Structures are given as C-alpha cells and as structure tokens.
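Letters are used for the chains, namely A, B, C and D, taken in the order the chains are written, and counting of residues starts over at 1 for each.
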Amino acid sequence: MLLPEVGNAPSVVSSRPNEDLARRLFTVRRHSQVLAGPLTAEDRCVQAMPDASPTKWHLAHTTWFFETFVLRPFAPDYRVFDDAYAYCFNSYYEQVGARHPRPMRGMLTRPSSDEVTAYRGHVDVALERFVASDVIDPEAARRIEIGIQHEQQHQELLLTDILALFALNPLRPAYRPHSASKIASVDAPGWVAFKGGLQMIGHEGEGFAFDNETPRHQALIRPFLLADRLVTNREWLRFMAEGGYGEPKYWLADGWARVQQEGWKAPEYFESRDGEWFVMGLSGAQRVDQNAPVTHVSYYEADAYARFAGKRLPSEFEWEVAACVNGLRQMFGACWQWTQSAYLPYPGFRATDDALGEYNGKFMVSQMVLRGGSCVTPDGHARPTYRNFFYPWQRWQFTGVRLADDAS
Amino acid sequence: MLLPEVGNAPSVVSSRPNEDLARRLFTVRRHSQVLAGPLTAEDRCVQAMPDASPTKWHLAHTTWFFETFVLRPFAPDYRVFDDAYAYCFNSYYEQVGARHPRPMRGMLTRPSSDEVTAYRGHVDVALERFVASDVIDPEAARRIEIGIQHEQQHQELLLTDILALFALNPLRPAYRPHSASKIASVDAPGWVAFKGGLQMIGHEGEGFAFDNETPRHQALIRPFLLADRLVTNREWLRFMAEGGYGEPKYWLADGWARVQQEGWKAPEYFESRDGEWFVMGLSGAQRVDQNAPVTHVSYYEADAYARFAGKRLPSEFEWEVAACVNGLRQMFGACWQWTQSAYLPYPGFRATDDALGEYNGKFMVSQMVLRGGSCVTPDGHARPTYRNFFYPWQRWQFTGVRLADDAS
Amino acid sequence: MLLPEVGNAPSVVSSRPNEDLARRLFTVRRHSQVLAGPLTAEDRCVQAMPDASPTKWHLAHTTWFFETFVLRPFAPDYRVFDDAYAYCFNSYYEQVGARHPRPMRGMLTRPSSDEVTAYRGHVDVALERFVASDVIDPEAARRIEIGIQHEQQHQELLLTDILALFALNPLRPAYRPHSASKIASVDAPGWVAFKGGLQMIGHEGEGFAFDNETPRHQALIRPFLLADRLVTNREWLRFMAEGGYGEPKYWLADGWARVQQEGWKAPEYFESRDGEWFVMGLSGAQRVDQNAPVTHVSYYEADAYARFAGKRLPSEFEWEVAACVNGLRQMFGACWQWTQSAYLPYPGFRATDDALGEYNGKFMVSQMVLRGGSCVTPDGHARPTYRNFFYPWQRWQFTGVRLADDAS
Amino acid sequence: MLLPEVGNAPSVVSSRPNEDLARRLFTVRRHSQVLAGPLTAEDRCVQAMPDASPTKWHLAHTTWFFETFVLRPFAPDYRVFDDAYAYCFNSYYEQVGARHPRPMRGMLTRPSSDEVTAYRGHVDVALERFVASDVIDPEAARRIEIGIQHEQQHQELLLTDILALFALNPLRPAYRPHSASKIASVDAPGWVAFKGGLQMIGHEGEGFAFDNETPRHQALIRPFLLADRLVTNREWLRFMAEGGYGEPKYWLADGWARVQQEGWKAPEYFESRDGEWFVMGLSGAQRVDQNAPVTHVSYYEADAYARFAGKRLPSEFEWEVAACVNGLRQMFGACWQWTQSAYLPYPGFRATDDALGEYNGKFMVSQMVLRGGSCVTPDGHARPTYRNFFYPWQRWQFTGVRLADDAS
C-alpha cells in the first residue's frame, strides 16, 4: 500500500453535513495519537527498514497532508508551522517539491517527537477553525475526506512498522499486553460455491472510495469455490513440516529464488526456540497459536501453499463478489488476503492531473492485489471494493491466505 | 520469454504425418546452424550478461532437450553423447537434476564450439533414425513438436543475445550486412475501431500452441481503438526531445526509479555521436531510421510514452481480438508489442506434473505480456494467441510499442 | 579507531594511589554524561551509518565494559543490572559471547536512554564501592585504567558520530553554539628540519599506553622536514579550484576509483550554497573558515593533496620524533593527522590471550596510522606515542593533513 | 601485481649489446605464444572474473605496450596495426587515453584470436627491423627492457587467469598433462637464524629492476628465524581439521569477516569429494599432494595459519636479507610468499612523470608485499629484491606461506 490513491467524489461530500465530516476528522486525528501512546520518543523515531517509516514520520506526514492540501490553499489566514517540514514530510508528491529520501526518514531525530506533537496540535486547531465555518468549499471537503482515509492508512502502517522495529530488538518488546487466544478450535474449511456470469465490480455511489476502485464495471466471472476461513498456523506448520520451503515444484521461479537467497523457512517473525515455534507480534514473542490465521506471508508463499494444497488463490473479482454476498468468515479484520490478480487499472481508469491525483496509477505494475483488511486496519476503513497492493516478496504486512478453487 | 511453456496437444500430432514432422524438425535444426554461421567460436562462447546466453549454449541446450525428452526415454538404443552435458546444458528443469549456474554459462570454453556441433550431429543422426521408424509413440511425437517450437524460441534468443554481446564491443561488429531502410515515409497512425462484447480468447484446435495460450475462454472486451502501426523512431525522438525521460509525471514509480538509477535517456543501444543518434543493431551501428518502429524499449518506457501521447497500451485480449480480424500493419515481424496485461494464467489453467510441464506456470508473476513477433522471430513461429512475457524493465529484446485507446 | 587496544602495564598501576585512579575514573564517567547532555533521547538512539554507533550505545557499552571486566570478576557481591545487556552492548569480544549485529545498533529503541542512564548509575555506585575498598587487585586496577581510556575513546566517537547523524538531517542541527573563528590569519607553513639516525619509538615507562604502542624499539629515520602547521581550508579550496578532484595523476588507484564512484568533490560535510562553501560541524553548518585546518578528509585525499603540493605525508615515526622534540603547532587538539604508515605491529609485539587482549592485533591490516589528536579528543587522552588508525577511505573522523618532505 | 612498475635504468641498458636485448626480446615474445598454445580461441577469449584477464587480452596488451611506447615514438615509419586497439588494449595508462572497462575485457570476441596473433606478428616484424638498426636510442632500449619484463609478468598472469577460468568449468579441463608429484616426503621445517643490524635493502646496479625496488637503502633488522621450507598441504589440512577456519582467535577482524561472508573452509580451488580433498590446478583436479606447498591462500589465511602455528610471517626485509644469504629451500619457483609488510614506497622513492612512470606509486596502499616467485613465474624474471603485491583477500595467485619467528 503505497499511499494514497485518492477518490474523486465531490458529489458525495456535498451531501454530507460538515459536522459529520468534522467529527470523523478529529476522531481519526486523535486515534493516531492514541496509537502512538505506548511508544517512547525513541520508538517513534527509528526506521526499521527502507520499506517502513518511523511513527513520528507517520504522525507528521499525515499532518503535512492536511496542511498542504487543505489549509494552505483554502484557509487564507493559515500560518505554516515550519517551512522546513515540507521537505521532511512529503512522501512522494513530485509536484509539491523536493523531499527527504525515504530510506533516511529514521535519521530525523529533529524535529523531536514533541515538536511533531505540537505540529499536530497547530494543524488541528487550524482545521477546527476551518471546519467550523459555515461554508466549506466542496473541494476542501473532498480533500479532508481523503486526508481522513489517508491517515487511517498510515495508522495501519504505523503498527505494522512498529512490529518490524520491535522484531529487530533482542528484547522483543511488546507494544501492548498479550490477550490469550480466543480461538478454541478450527474445523476444516467449508467451501462456498459462487455462480459465474457478468458481475459488477468496483465502487460507485455515496461512500468514499479511492479512485483505483473505479470505474465500476462489468467483469466476467466463472463459477468458483471459496474457503470460508483463512489458512491457519496449524495448516502452515504442516506445510513447513512436509518440506514446503524446500520443494521447488510448489514455487514460482521468482519465489524459489527468493526462498534460497533469503533462507526463508517460515513466515516472517517466526522463530524456533528449542524446537517450538514462536512468532513476534504486537504483544511480543508468543507461542504460535495453531488456530489463528497464518500471517506475514508473501505472495510467493501464499501461492506456493495453494499449490501444495491443490488449490489456488482467488482473483480479486471473485473475492469481491463473495464479499458482497458474504457469509464467509474472516473477510475483514484478520489479515489482508493475497489474490492472484496483478494490480492494474480498471477499464476506463484515468488518473487526474493535480498533485493529489498525481500518482493514482503510479504503482500499477509488478504488485499483487490484496483484499479484505487486517487486525490493524482501522474500524470503518475497509470495504468490499477496497484494493490493497504489495510486491510479491513483501511480508512485513499482516498478510494471509484464503484458498479458492474452480467449480467443477 | 523464459522458455519453454509447453503445449499439450497429443491429438494434434497424431493427425499429422511423420514426414511433415520430420521435415519441419530438420529444417529448424539446420536453421540454428545457419544462424550461427556468421559467428566465430569466440562469439559463440561469450555471455553478454546474466539474462543472455552464449550462442553455443543455445545450440547445445536445444540439442540436450531432444536428447533428454525424446531420445533417452523413447529410442532404446540411443547412446548418450556425453554424460557431463546434462549438467552443462540443462536450463532450469529441477526434476531433471542439478545444473550449471545461469550467470556462468559464458565460462564454458569447453566443450568447444566444434564439440557442440558434433553433439548436434550425433543427436540429429539419432533423431533421423528415430523418426524414420514406422510408428512413433504419440508422446514422443508431441515432444518433438515441442522441441521444434522450443528451438525456434532459442533461435530468436540467439540473435537477441548476440546483439547484446556485439553492442558491448567497441568495434561494434555487424552480424550481417546492412540493407538500406525500405520505409520511405510513414503517415500519422490510423486508428481502427473494434467493438466490445464477449470474445473468445486463447488457443484451441489443431495447430501447435504452448499451454499458457490455453484454455480458450470467453473474455469481456470493451470497445477500443488500436493504432494501425507501431510507434516510430521519429515519434520517440520527439518524446526524448520534449524531455520525456526527465519528467516523472509520465512514469510509473518503479519506472522512474529505474530511469534515474540507470541514467536512461534513450532506448537501449541508442548512442549519440556528435549530436546525432545512432543505434546498434545486427548490421552494426547505424543512423537511427526515423521511419522504422522504435525497438529495445522496456515496458516502463512503453507505458510512459503512451501517457505522453495521451493514449494507453492495449490489453493482450484487445491485441488478440484485433489480430484475428486483422487489417493492421506490423502485427508480426517488426517488434514484440508490450501490452498492459500482467502475465497470469488463463481461467482453468493447470500445469502438468511431468518435467516438461514442470514450469508451465512458474513464471506467472511480475512479468508483462507481449504480443506479435519480431524481425528475429523465426517464420511460422508466432500466431495471434502467442503470449511472450518479460519483466517490465527488460529491453534487450526486440520490443516496441503499439498504442491503444478507449472507444468513446 | 576500532576499540580498544588495551595496554599491559600492571607495574604502572600499582605505583599510583587508588584515590587518583578513582578520581580520574569518575571524572571521565561524568564527562560522558556531560557530552550527552545536549542530546535528546532520539538523538542518542539513532545510528547514522554502520561505521557509527548511537550515543546511547556508547554510553551503555562503556558501562558494560566495567561491569564485564571489573565488577563481575572482582566484585563478589555485584549484581548484574540486566542479563540481556551483555548481548546488546558487547562490541566485538568473541570470547565474551554472542552480540547484537553492529549495523543494527540503531534499532535498539529499548532499553531506553533513561534505562541506560540508570544502568550507568548502577554500575557507578558499584564502582565507587569497589574502589573505596582498601586493597584493589592490581589486575582490577589495570582494567579500570583501561576502562577509563576506553571510555575516553568512545567520548571522541560519540561526538564524531553525532556529527555524522546531524549532517544527514536537513535541519542541520547544532550540537553546541557557534563560536566565531579565532584564527585571524595564517602564514605560509614553516618547515622544521629533523636529523636522521636511530631513534627510539614507542611507549615505555609509567604512564598508560595501549599495547599497540609497544614494545619501544629503535627505528632508523632519515633526515626530514615537517610543516609546522596543518593544511588549511584555504589551501584545500585551491586544490579543489585547480581541479584536484578531477585529475587522476594525483591519486592512488584505489583513491581515484573511490572519487569517481562516490562523486567526491570536496571533504566530507562540505556543501556548496550559491557558489559559497559551507561545512557542517558540531555548531551546525557554517561558512568554511579559510584559516582553519581542513578536516574530514580521507587518506586518499590527504595523499593526493600531498602529491599536488609536491610533498608527501610523514611516516608515523617521523611524526613521533617531531612530537617528542616539539615546537610544531597543531600537533594535538586540531585534527588527527594521516601518516603514510600502514597500521602494523611493532617488532616483537604479541597480543595477550585473554578477552581484553583478544583483539590487540586484530585490526592490523589495511588501515593507516594517524597521529596527534583532534578537537574532540578528551583532554589528557592523547600522547606522542598514540597510534590511531582508520581505513584509507574513511572520512567521518576529524582527520586532517600535515605535510612532510625529505631533507635534501 | 598490478602491472607494471617500471624501472629507471638507462645506464644499464647502454652497457648491454643490442643483440642480447633482441635475443631476450624475441625469446620472451615467442614464449607467450607457446604458453597460449594449448588454449583454444574460446579459452583465450573468456574472462574468469574482473580481477583476471583473457589470454587474448594479455597477448594483445603486451603487444600494444611495445607499439605504444617503443614503435610509435621511436620507429618513424611504423604503421599502426589498428587504431581501435589502443582503446581495447590499454590497461590503465590514463595519460595514453580512454580504455575499455576492465570487467568487460571478456566481451571482446572481436578482434579474434587470429587477428591478435596477426597483430603480434606485425609488431614483432617491426621490432625486429627496429632492433636490427645500428643505433638504438637508449630510451627506446630502456623501454624494450621494460616491455620484456612487463610481458613476463603477463605470462604469469596468463596461466593464473587460465586456472581461474578452468576452475569454473564443471569439466575441470587440464591445461597441461599431470606429472606425478616428485616430493617423496617432507621433514619438519628447519629454522635458520639470521642476525640483526643495519642491512642494505633494495636494488642497485646493473641488472633490471622495477622502480619500486629502489632506492636501495639501509633498514634496521632484528635477529630472526626463518623456516627453511614453505608450509605444506599436510600442515594446512591439519589446520583445517583442527578448526582453523572456524576459530576467530586466529584471524584478523577483516579476515574473519571474509571467512564468514564467503564461507571459506579451505584454500581456493580445494574441493571435497567423498571426504577426500582435491585441488584444481593446471593439470586439472588432482588429489591434494600432502608434501607440496599449500598455495592459493590469501594473506588473511597466511596470517591466521601463522598465529595457529605460534609463529608469524616474515617482513619483506627479513625475506630479502635471507634471500641474499640463501641456503633456504623454495625461495623461488614454488609460491609467492606473503610477508607482513604493507606495500609502501621505499624512503626517497619518487615516481616519474611520463606515461610509463605514471603509476609507479599508484598501487601503494592497502596491499601486502609478496616475495619470491612461483611455479608459473617465467625463468629469470624473479630476483631477491623483487616486490610483488596483492590485496590481503586475493587468492587466485600462486601464493603460499613461509613462517618466521623472532630470535629469542
């Protein structure tokens, strides 16, 4: 998820009262601070790896977004907090100017975490004043909505990136206390059958959506089966025990090369202690919960597992069709689910020309679509048409596997 | 094109008399030798880069293919030429055993080019005897057919890889004499309209096809326009002159990173001499022919050019629909044409389990489909359903651009 | 300076009263805290690059040194602060056990800066109790002395590494306020002549020295001249202006390769703003002081400059001979001075077998000796026989140039 | 040995009759062709790795040397064979112009091996005519002498590089037939004592020497012992069996890092087959000869072995002193012997300014001196003052170990 793909829905915003927008805006803004609460200034500053960003950077970047795209153009008396921040906290908007190199985000010990908190406060005060006015320009309202969604995406990344950081620490710190697994047992997956035909795919209508979910369009689906739950750690341990990571026939060529090059033997964050598997999570290193869905697996691994199991991954359209009908477990709130669909534009998709839309189609190559949402996705952020995407080798996200099959 | 995806067409073979098969087999086998004719033993031995292979390796590997998959299992009295060759000339068949590392293929100064020629002779004699028998096992016939197609693929690679090698030589050697361009002038491209609807895609029937062209299936197409010729060097030089390689807005993020990292300023093999553009080709370095199709561009460049031109690349289905109707120029025989389709399995595709089918689906990630055929594709090898594929950054192949657009 | 080379001087220690040792010990220990004073918890946590270490790591590692080599073996009732710290804060003592990988030191957001301060307090209290006892084992006293010297080395690194970190920050933070240059003008260097012959080199006697300064031995010196001051920024800017960084004839082959590969055009931390040169230092980015010694140059640059100037670098023996006679300016307290001597053992040198001596000779390959001391070397730490050493390409240290010449 | 350091001895040459010079010149020239004799055009073309060069390149480069430095400036009617060759076959003479990148030398399939042979013939004919004239300019004679020495250095490299190439070939080709080992048994090494004092080091007088062997100067030597033979494979296998490659205490820090990074477990070209050690050599892969000197070890390994054996490596001055007295076995003709001396200029050394002298001091950093000569050093090329040098990690040369010790 290289953020943000931004929606194009002015009519939507105008139909919503400002109070609702403001309420949601400040709920989300406060929630970012809540998420950062358990973290020290040091935790917030360090970057685990080039793909990840520091917490402080997430907090500042989402704030810079509102400052740059809402307050500066629409709030005439807005005073920029610090001119240097535009350089520090721009992510990749080429139209907006030069920026600090991504792999160097962790070098920014200054501005301090406290200064970033002050920055957030400064911008929030200005936003409060701005949204309290009687009339908000519909374009400003649209951008606030995007900013809310954008900040939610960064909330997920914040937790994902903190896990990556803590997993590198020999003390294996816990971000939050451990709550014992609630999953007592898991049956064999049920297989739900879906019929084929021309089906409508993508977003249309009132609610918010990113532009990559549009245009809504017909797609031809063949009859298919979908597992009613995700692949569990128990099943994955069996794959490991039966030599799954050592058998080239299960793997895509690129995946097999990666397995050998990086010595993959288990999902990311798994570690063996005296013959027993533990996994590092937001509650620290814990014994692997056999009934929980496997997570932190790459597309390569998901695809290999499907081949091992004699099944396949679903296409993103199959997943969306099933999500609209529903009845399946763990569609949202457990893990993002790899699909066999490459991340490509929908028919008729065109990116807009302004800075916000600058990069709408910019990531549409070499990545695979994930659907659903994970245990760290903010409430209310995901939806059936949502398209997440990562490179097939990435595995620091909360990514898991749902199997599919052709209907005979 | 990481070879070979192999077809599954026993019924096809049985309907063809052995004489035809034999005739085509030895025509193709001889043609490989013809292609290598202008090359010295030194030229045949060296590997230009890890993606490329030496000529000698192509000549030996295609021979090993017949030895391993046809003669050893089906010709009872066949005597293996040299046991060590299996290690040297296996490409990537994991089921068949260990193999020499790909980037080290150019280190094989032994066996010599003459020994490889002798190897080819030995295998050809055995094949002649084998196909002269009254009855050929249909599976053997199927494999010979695959071997023919496989060798044709390597014939194209042989020329492509020799160009890569000669382009690294400061003497800029010519593989063959230069023939003056025959294209006197080129008009603006015409746009041919195609209607949408459910269309059949993929191979079915008598002729040979690789398994990735199957199963034939319905696809939903939207009305579209296709340029009736390829993008020319004149057009590409305008893209360059107008700053195309320096303007991030045209580029996918991955493409822009590559442009900066590798300092791309023109297609592969272009070089500027005193302000004039030359391009290295099989006839040596020549002035760029403004009317000829641009070639040796990556997917990133093709996509950026399309954006610059206000158009898009076709999907592989659009291309195939158009190819079946026809009426467009330069569909085959000029350059492979990048599509905006990721290389993925067709619905219902399943790889077979034997060594030959081992890797049918193995490359179906991160690559983009190309359609058509190039000036170095052997006659009779390409067809409308043929799916070639490369990574989006690769450009040593004869790859060009045909533009598409949505029909309004 | 890959720390520590540790001296072997029991007789020395025994002749010194414990009070003096204790006084020096706690003076040095407190000084580390003073140096870290201006730094936030974030500044202390981040690692600028693999060669550098975080401030917090320096503070903890020097403490771990006393805990491991003094308190654990000699203070019977000492309670280890935290068992996990041995893994986190061991630098490279293989005999003492496994350790956190060096390039990952900056990932240790936990233990926090406050916990490390508490760790320091815990160990200091134990050390105070320990040195207050009537009799200290001479070996313990020897190790305390080494620990003092070791901590002083890390004090220099702490500042050097903070500069490396702040130089990566677009805000160019200042560690301390800027004090205007005191050097009003600089004359042409005077050349001081030294006679040759057999001279004694290396340490012997009462004061502390690292073992690489021993054994004291005779060396044959030829008559030589030494500049009475360091090369200035004014002189270096002339080297730059006259194309020094673009002319291969001045450079060692390895140096020239590095210049081209890394695009060196000036010393480390120099930056051009509107045609004027600034340099990042502990007081932030300041206009280059033309009269100050050039610093942050590699051996390659020092050697190239000497060739440009028609001179050479001194050998470490020449430098030591001159330092003992003295009368030259800027021998200590400005910059470490590259010599043309490779870092090798003195005749008869043998490393000891225990963990402390484990690595005495371990770094004696591929590095060059520097002599003197810099503006960030703790008072009283340097001496005429002191041997510092770095790789010829390193330049984040406070390293400068003094020229030498053969006496005709 | 990055060639050539060139001597400065006009007076020498003038005292030698031209006939002798001519005789030696053509003897050496012919010998290069003899050495290449067993190699095919393919063998001669390929480059095993960036440090190595193709045979054809060695043959052409040594020829280019005579053409560039002798014939073009001194033979007025000389016609250059091919203008493009200057670009192809210059090694690193910056003053002489641009050149083909070193790692790409193996891409030069053209000019062919036959063309290079013709080039050699063309230059040899011109040289014959040139040296047949009554008077040869003394500078030309000096350069011919250098060219002879230079070509001898490349003769050694030719064989060394061919071994590197053949060792990468799974067929393990033999350059020449195997002759059974002549060493029946080896006693424990004898230790020869040498007294210390001021000794003369370096070249002076009539015979040829490279400039890095000058000026002859006094050095202070301490009494020392030198083993009267090289370390054998038997001794090295014991080092391996006793865990030498797994025990950090024997290793320099850089060496230990290299051991782990590259997985060193034995000298270069050793391979284990069913528990027995073989070594690849110019006669193909053979059982390790226990009585033969170990070869293809790096400085890191030599130094680690010495520590394991409780000894040390000799300094280059100790080696030279011993070589002049002599009485030791295997000083020349077996392996180059690592010394503990860094490759640095002798006191008073100054490089000359012309192209030939351009790089005299250019390699004097980060390399270690080797003394002696190896089984592939041309007869008459080595001498007691000869200084060879390589980086401490390199091991494709014929490099071995002679132990030294301090005299008590």
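Heads up, the rule we're going with is that a contact is a pair of C-beta atoms (placed from the backbone, for glycine too) under 8 Å apart; a residue touches a chain by one contact, two chains touch by 3 or more.
Values in this document were obtained by computation on a predicted structure and should not be read as measured data.
Engineer: Along the shortest chain of touching chains, how many steps lie between subunit B and subunit C?
Structural biologist: 2
Engineer: Centre to centre, using CA atoms, which chain is the farthest one from subunit C?
Structural biologist: B
Engineer: Can you give the whole-Å distance between the Cα centres of subunit A and subunit C?
Structural biologist: 46
Engineer: Report, in whole Å, the distance between the mean C-alpha point of subunit A and the mean C-alpha point of subunit D.
Structural biologist: For subunit A versus subunit D, the centre distance works out to 59 Å.
Engineer: As a quick test, compute the distance in whole Å between the mean CA positions of subunit A and subunit B.
Structural biologist: Each chain reduced to its C-alpha mean, subunit A and subunit B end up 37 Å apart.
Engineer: Considering subunit D alone, which of its residues make contact with at least two other chains?
Structural biologist: There are none in subunit D.
Engineer: For a test of understanding, state which residues of subunit A touch subunit B in their complex under the given definition.
Structural biologist: Within the complex, subunit A touches subunit B at residues 2, 92, 94-95, 198, 217-220, 222, 248-249, 251-255, 299-300, 303, 340-342, 344-345, 347-348, 358-359, 361-366, 368, 392, 406.
Engineer: Would you mind writing out the residues of subunit A in touch with subunit C in their complex?
Structural biologist: Answer in residue numbers: 40-46, 48, 84, 87-88, 100, 104, 106-113, 165, 168-171, 173.
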